[in-house]
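In the two complexes below, subunit A is the common chain; its partner is subunit B in one and subunit C in the other.
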Partner chain A sequence: MNGDGALDRLRREGRIVVVGASLAGLRAAETLREKGFTGSLTMIGDEPHEPYDRPPLSKQVLLGAATADGTALPRRRALDATWRLGVRATGLDMAARRVRLADGDEVPYDRLLIATGVRARPWPREEEAGLDGVFVLRTLDDAAALGRRLAEGPRRVFVIGAGFTGSEIASACRERGLAVTVAERGAAPLVGALGGVVGAVAAELQREHGVDLRCGVMVTALEGDASGRVRAAHLSDGSTVETDVVVVSLGATRNTEWLAGSGLGAGPRGIACDAGCRAFDIRGIVTDDIYVAGDVARSPHPLFGYQFLSLEHWGNAVCQAEIAAHNMLSESADRLPHMWVPAFWSAQFGVNIKSVGVPSMGTEILVSQGSLMDRRFVGVYGYQGRVIGAVAFDHARWLPFYQELIETTAPFPPAFPMVGRSPGGQRPVDADFPDPSVPTHGPTVTLSGYSPADRRMTFTPAH
Partner chain B sequence: MRLVVDLNRCQGYAQCAFLAPDVFAMHGEEALLYRPEADEAQRGRLAQAAAACPVQAIVVDAVDAPAEAASGER
Partner chain C sequence: MTQSPLHQILDHANRPDPYPIYAELRKTPVHHEADGPYVISTYHEIRSLLHDPRLSSDVRHLASAAHDPLAESGQEEQTVLPPSFLRLDPPEHDRLRRMANRPFGPPHSPHTVDGMRQELHDIVSGLIDGIGDTGRIDLVDQFSYPFPVTVICRLLGVPREDEARFHGWADTIAASLDPDPDADPAERGKGAHDARMQLGMYLAGLIEERRKQPRDDMLSALATAEGPDGAMTTMELLSTAALLLIAGHETTVNLVTNGMLTLLRNPDVLRRLRAEPRLAVPVVEELLRFEPPVQLLPQRTPLTGIRIHGVTIPKGASVWLVLASGNRDPKRFQNPDRFDPDRRDVQHLGFGSGIHSCFGAPLARLEAQLALSELARRLENPRLLEDPPPYRQNAVLRGPRHLPIACDGIRP
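Right after this comes the complex of A and B.
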C-alpha cells in the first residue's frame, strides 16, 4: 500500500468506468470484483444487448445451430454494476476525468477502461451498401438479420473478402446447401493472415466444397433492382455474378473516433498503450488512470521486437482485460505485463484451423508435420532465423509445443527431427505473404508500431 | 444457462461431447461446435462436462441470469 492510502481508497470507494460492454469489458469488470474492488462500476455500451460472444456468430449461428440472441456470455460472478446499454460514449475529458455520453450525460471516473473494439468495415459506396440484401457480420443484430435471410434460401450468396470471417460465412452457407461465390482481392483465401502457401490449401478446400472462388479480383459495383434489392455484383475481370445476398467481409475499423480531440493517443490503428495496458496520450506520455484492452488496443510485445500489435483475437481480449483490471488496482511494482502469445482459431469446411504467434510476421514457412496435401499439417513460420508463428490444420494438439518454441525464441528452421513429417516438406520455403501495402480483406493481426531496428516512419498530418 | 468454450485451449478431447451430447458436438475431425445456451435440464450434464474437460476450457454461468443488465438503467 502506498503512503497516502489512495490506492486503498480507490479499491474501497473509487469509481471505475468501462466503455465497451463486450468480451473485454465484461471480463475486466469481473476481474475487478474478483480482486476486491468494492467501489462503483459503470458499464457503458452502445449496443442494447448485454455482453455476448462473437465467434459463434459466423459459425453456430449461421449454421442455424444456435440463435443470435443466444450467445450471451456466461457470468463468472455477480458484478453489481450500473449498466448503461444502448448509449454511446461520445467524448472524453481527460483533465476532468469524465466520459460524455450521447444522451448528454457525463460519467465521472477515477479509473477508465476503454474496450470499444472494432466494427465491420462497410461496403465503401453508401448507396450500394444500403441495398436490401447487403450485409456485414460483426454484431448480434447483423448475425440475426443475415441468418434470417439465409433461412429464406437465397439462390446465391456472394461474399466479398476471404479472410477468416468471409471464409467461415462461405463454409456455413455451403453446409446449408446454399450456392456461394467468394471474391478475394488477394491471391488466395486467408493469404493476409497465413500467406500464400497455406492460402493455396484454403483455396482448394473451398473449391472442393463447391465454393465458386474468385481470387485476384475486385468487386467494382453492386447492382440493385427497381425495388432496391441487390441482384448482382460486378467484378474487375468484367464478369457479373447474380446474387440475392451479399456479405461484405472486408475487415474492421477501430472504434476510436469518439476519442478525437481528447488528447489520448487514439487513431485509426487503435489506442496505443504500454505493456501494462495504460493508454498513451498524444505526447507519448503514459496515463495513470486510463487503460485499454481488447481489439481496440495496440501494445508493444517483447516477443515480437516490441512492435505494437493490434490483435483481433478472442483470447487476447480476455487476457488483456484481466491484466488491465489487475493493474488498475495495483501499485506500480505489482503491475503485470500483457505478454499473451497471440493465438487464434477458426473452423471452416470441416477443418479446425489454429494459429499461435504472429504467422504474418514470418517470411518463410516449413511444413513440420503432416502434409499440405492431406490438409492435416503444422506449418512453422520463420522470421530472421527464429520461430515466429505456427498454424495447424486439424493438428491442433501440437500447437502448445510450437508456442514454447516461439516463447523461447527458438531458431528457425527448427533443428529437431520431426514426427510424422512427410517428404516434400523438408525445407522452408517463402511463406508468400502479399505486399502489405496491397490491401486484402484486412488482417486480424496488425503490426502497428516500429521496432527499434525499423526506421521507416512517415508523419501523416490529420488534415 | 449460458456457456462459452475457450477454443484456444480446447484440444478436441471430446470429453464434453461424450458427457453432454445435446450441448457439444465434434464438427469435422477436430473442431468443437457447442450451443452457447443450454436448457436448464442440461445443468447437471453441463457441470459434469465442464469438470471433465482436461484443459478447463468450458466456462459456465457462475451466477443466475443477471437481472442487473438492463438497457438504459442508471
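Right after this comes the complex of A and C.
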C-alpha cells in the first residue's frame, strides 16, 4: 500500500462498506467523511430505522417522557451514503471482498467496518418467550412496544435479571407507579459489574423504592393463559409471581452469526481485533481491510493487562468508531490505538451511577469518599495493589480524578486524605464479585496438517 | 520583565489584555513565587486539580494566611457569616448545594430556569427600549448591570427597590476578593466585614418575612424547605442567599459586557448572530472560553502534598487556578486566541469544573444568550466608542467598568 498511491486512490474513489447502522457505524461514517474520504460509502443496517440513540430507551421512553421515534442520533455532518436499511448482512467473502445481504445482493468493498453490535439475549425457551406480554429491551421497536404496554397499566411487571438494564426498567416502572418484581440469579443487583458490596447498596435502593426484589433465585418457567398471554412466573425457590408483563433482561448476544464460515475470528464473545480496530482472522492473523468497532468488538487494552475487552459502552462505541475510521484511511505508521478508558453510566431510582476503569477486575473495594449508608459515595476497586476501577453513586464529578489514578496505575488503596472522606477512614474490603461459575463460552479451535504450508485450523463457535 | 507574574496579573494596567501574561505564565505550568501562592495556568493541570479530592476549598485548611493577599476576605467571611458552600468541602458542601439546588434545577425543579425565559426576554426588551440617547450608550450602566440584578432579585424574591442598598454591599464584597495594591488592607477588610454584616442583616429580615408568608420565590422555598436533608439553619440560609445574590450580580454583568465587546471586535460574528439568533448558544460557549468572567479561582489548598507537572505543592499552600489561562492553552485549543463560535469541542473552564462548577451556569447561559442575541438584533449599526474600554480593578471578576458604544437607532 505504501507509497504507491493506493491509499490516495482509496480516499478518493474507494468503496467503504459499514455493516451496522447504529451509533458506532454512524460515527465511523461521519469520521470517514471528515477525514476527506470522497469515495462510495454504503451503510447496511438490519433495522428499518435510521441510527438512533439507545440510552433513553430504558429510561425516558419507558417513562413516557420521550417517544421512541424521538431518539434519532444527531448528525454531525452530511454523509452522502447509500443506505441499505431493513436488510440483514448474511455473509462475508473475505477473498472476494464482498458482503452478502439477505435480499441476495452482494456489496463489494475495499474496506469493511463491522459494527453489528449486540442484541438482547432472549428467554431461552422459545415457546415461553413467544407469549404475549414477554418482552426484551434492546431496540427502538422493543422500547415502543414495552412502553405501550406499560401505559396500559399492567397489574405487575416482572423483570428477569437485575443488571443495569433490568434495574433501569424496574426504576422506570416504579416511577410510573407500577408494581414490580425483579428476579436475579446473583446475590444482589449489579453484582456482576460492581460486586457485592455495591450490589447491597443497589438492593437497598430498589427495596426502598418498593421493588419486590428476589435475589439468589432463577426463573424456572413462564406460564401463559389459554389465550397465550403470560400470567405467571415460576421461581426456583418454589414461589410463583402473578404478572402480566415480563421483561427478559439477561444481557446481550453479539451479532456475529452472519460471519460463520467466513474465516474471520468472530464468535459469541465478539470479533477479536487489534488495538487499531483491525479484525483478526481465525488463525490469529490481523486483516488489513476489515475493521471492527462498538459493542461487537473485542480488543486488547494495555492498561488492563492486554486483556481483550468487549465493552457495551456508549463512549466506547464513539471512540472506537472514530479510531477505526481514521485507521482505515491511514498509513500504518499513522494509525492510532484505541485506548479508551472504560466509562459507564446509569440512572435508576433517582441515583446517578457512573463507573470508570474495569471494576469487575477488582478484588477489593475502598469507599474513598462519601458513605455507603447515604448512597452517595465513590468506591475504588483494587487489583494486585493498584487502582483498577471506580464507581460513583451521585458523586460523578470526582471520577476524572480516579480515572487518572487508573491511567497512572496508582497504588491501591489510595493512602492520602481526601475531602469528604468519612472520619476515621474506611478500609478496603473484599469487593465480593461472584465466582465465575459459568463455564467459558469461548470458541474451540482445532489444528490439522503437518507442514506450515498445509497447517489448517478449524474454528467452532460455542454457544 | 521586572514585575513578577503575580503582580502583573494584579496590575490594573494589564486588565484590558491579561492574555499575554497568561501565555508567559504557561511556560511554567506550576508557578511558585517565594511566599506566594502556587499559580496553575495550563488547561490539563487546572482540570486535573479541579477534580482532585486532595484539594480543599475550605479556607480553614490554609496553613498560613499571612502571605496570601486573598486570604483576608476568607477570614472575614468566617467572622460574620459561616462560609457559603463555595468555601466548604464535602459533605457540608454537598448537603448545602443540594438543598440550594432543590428549588433551582433538576431533578426537583427542572423548569425553574427555562420557565424564566419569557420573563428574561421581557426584561431585556424593556432595558433596550429604555435606551435614550443612542449617540452614547454605557452598556454596563444601562443594560448589562441592571439585567442580571433584576433577574437574581426576581428569582430569589429580593425587592428590586432595595437594589441601591445591596449594590453597595455587593460591590464592596466583590472588591474584597481582589487584592487592590493601592488600598489599605485593614480598611478594606473592615469595609468587607461591614458590608457582609449589613447584607446578612438585610437578608435575615427578608427571610423572616418569607418564613411567615412564603411566596413563589427561592428565598421562600429555601426558608420553608423540608427535604431529605432537613432544613438549612438560619445562618446557612443567610450564607447561601448572600452567595447567590452576589454571584448573580458580578459575573453575568461581565459575561454580557465582555460578550458585546467581543462581538463589536468581531463584526462578522455580530452580523451572523443578527441573522441567526440560535448562534447565541455557541457564541456564549466560546465566550466563556475566550473571555471568562471569572478569571481565576484563588481559594484552594492541598490537604496533603500534591505532585503535579513535576512540582509538589505542599499541604496548606495557597493554590490559584487561572481558568482564563487554561482556556487559552494551545495544548488544548487550536488557535486559542481566535474567537471562533464554530469551534467544536469547547470544553472550557469558564464555569470551573468538578463539585464547585458554577451553580448558576444554566441561568448565566440563558441570560447571556438572550441578551446578546437581542442586542445584536435591535441595535442598528453599533460601534465601540472606546477600545479598550475602562476596566474594573478586579482581576478575579474581570470586566469593563463602562462600555461606551453608539448606534444609529433601535430596531423595534
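The rule is simple: the second predicted complex is superposed on the first by the 432 of 463 C-alpha atoms of A that agree within 3 Å, B and C clash if a C-alpha of one lies under 4 Å from a C-alpha of the other, contacts with A are read in each partner's own complex, and residues count from 1 in each chain.
As a working rule, contacts are C-beta pairs under 8 Å (C-beta built on N, C-alpha and C of every residue); 3 or more make two chains touch, one makes a residue touch a chain.
Bear in mind the structure is a predicted one, so any value in this text is a computation, not a measurement.
J.: Would you check which partner chain A:Glu404 touches, where first means subunit B only, second means subunit C only, and both and neither mean what they say?
T.: second
J.: Is A:Asp80 in contact with subunit B, with subunit C, with both, or with neither (first, second, both, neither)?
T.: First partner only.
J.: Among the partners subunit B and subunit C, which is in contact with a greater number of residues of subunit A?
T.: B
J.: If you stack the two complexes on chain A, which partner ends up touching A:Asp212: first (subunit B), second (subunit C), both, or neither?
T.: neither
J.: Could you say whether A:Gln369 touches subunit B, subunit C, both of them, or neither, answering first, second, both or neither?
T.: In the superposition, A:Gln369 contacts subunit C only.
J.: State whether A:Gly350 touches subunit B only (first), subunit C only (second), both chains, or neither.
T.: Both subunit B and subunit C are touched by A:Gly350.
J.: On the A-aligned overlay, A:Phe416 touches which partner chain: subunit B = first, subunit C = second, or both, or neither?
T.: Touch status of A:Phe416: second partner only.
J.: In the superposed view, which residues of subunit A touch subunit B and also subunit C?
T.: Overlap of subunit B and subunit C footprints on subunit A: residues 350, 376, 397.
J.: Using the touch definition from the top, list the residues of subunit A that touch subunit C in their complex.
T.: Against subunit C, the touching part of subunit A is residues 350, 368-370, 374, 376, 397-401, 404, 416-421.
J.: Help me check something: in the complex, which residues belonging to subunit A touch subunit B?
T.: Spelled out, the residues of subunit A in touch with subunit B are 48, 50, 53, 55-56, 59-60, 63, 65-67, 70-87, 314-315, 318, 343-345, 347, 350-352, 354, 376, 394, 396-397.
J.: Using the touch rule from the top, collect the residues of subunit C that touch subunit A in their complex.
T.: Subunit C reaches subunit A through residues 47-48, 51-58, 89-91, 94, 107, 303-304, 353-355, 357.
J.: Going by the contact rule set out above, which residues of subunit B touch subunit A in the complex?
T.: It is residues 1-4, 6-8, 11-12, 27-31, 33-37, 59-63, 66, 68-74 of subunit B that touch subunit A.
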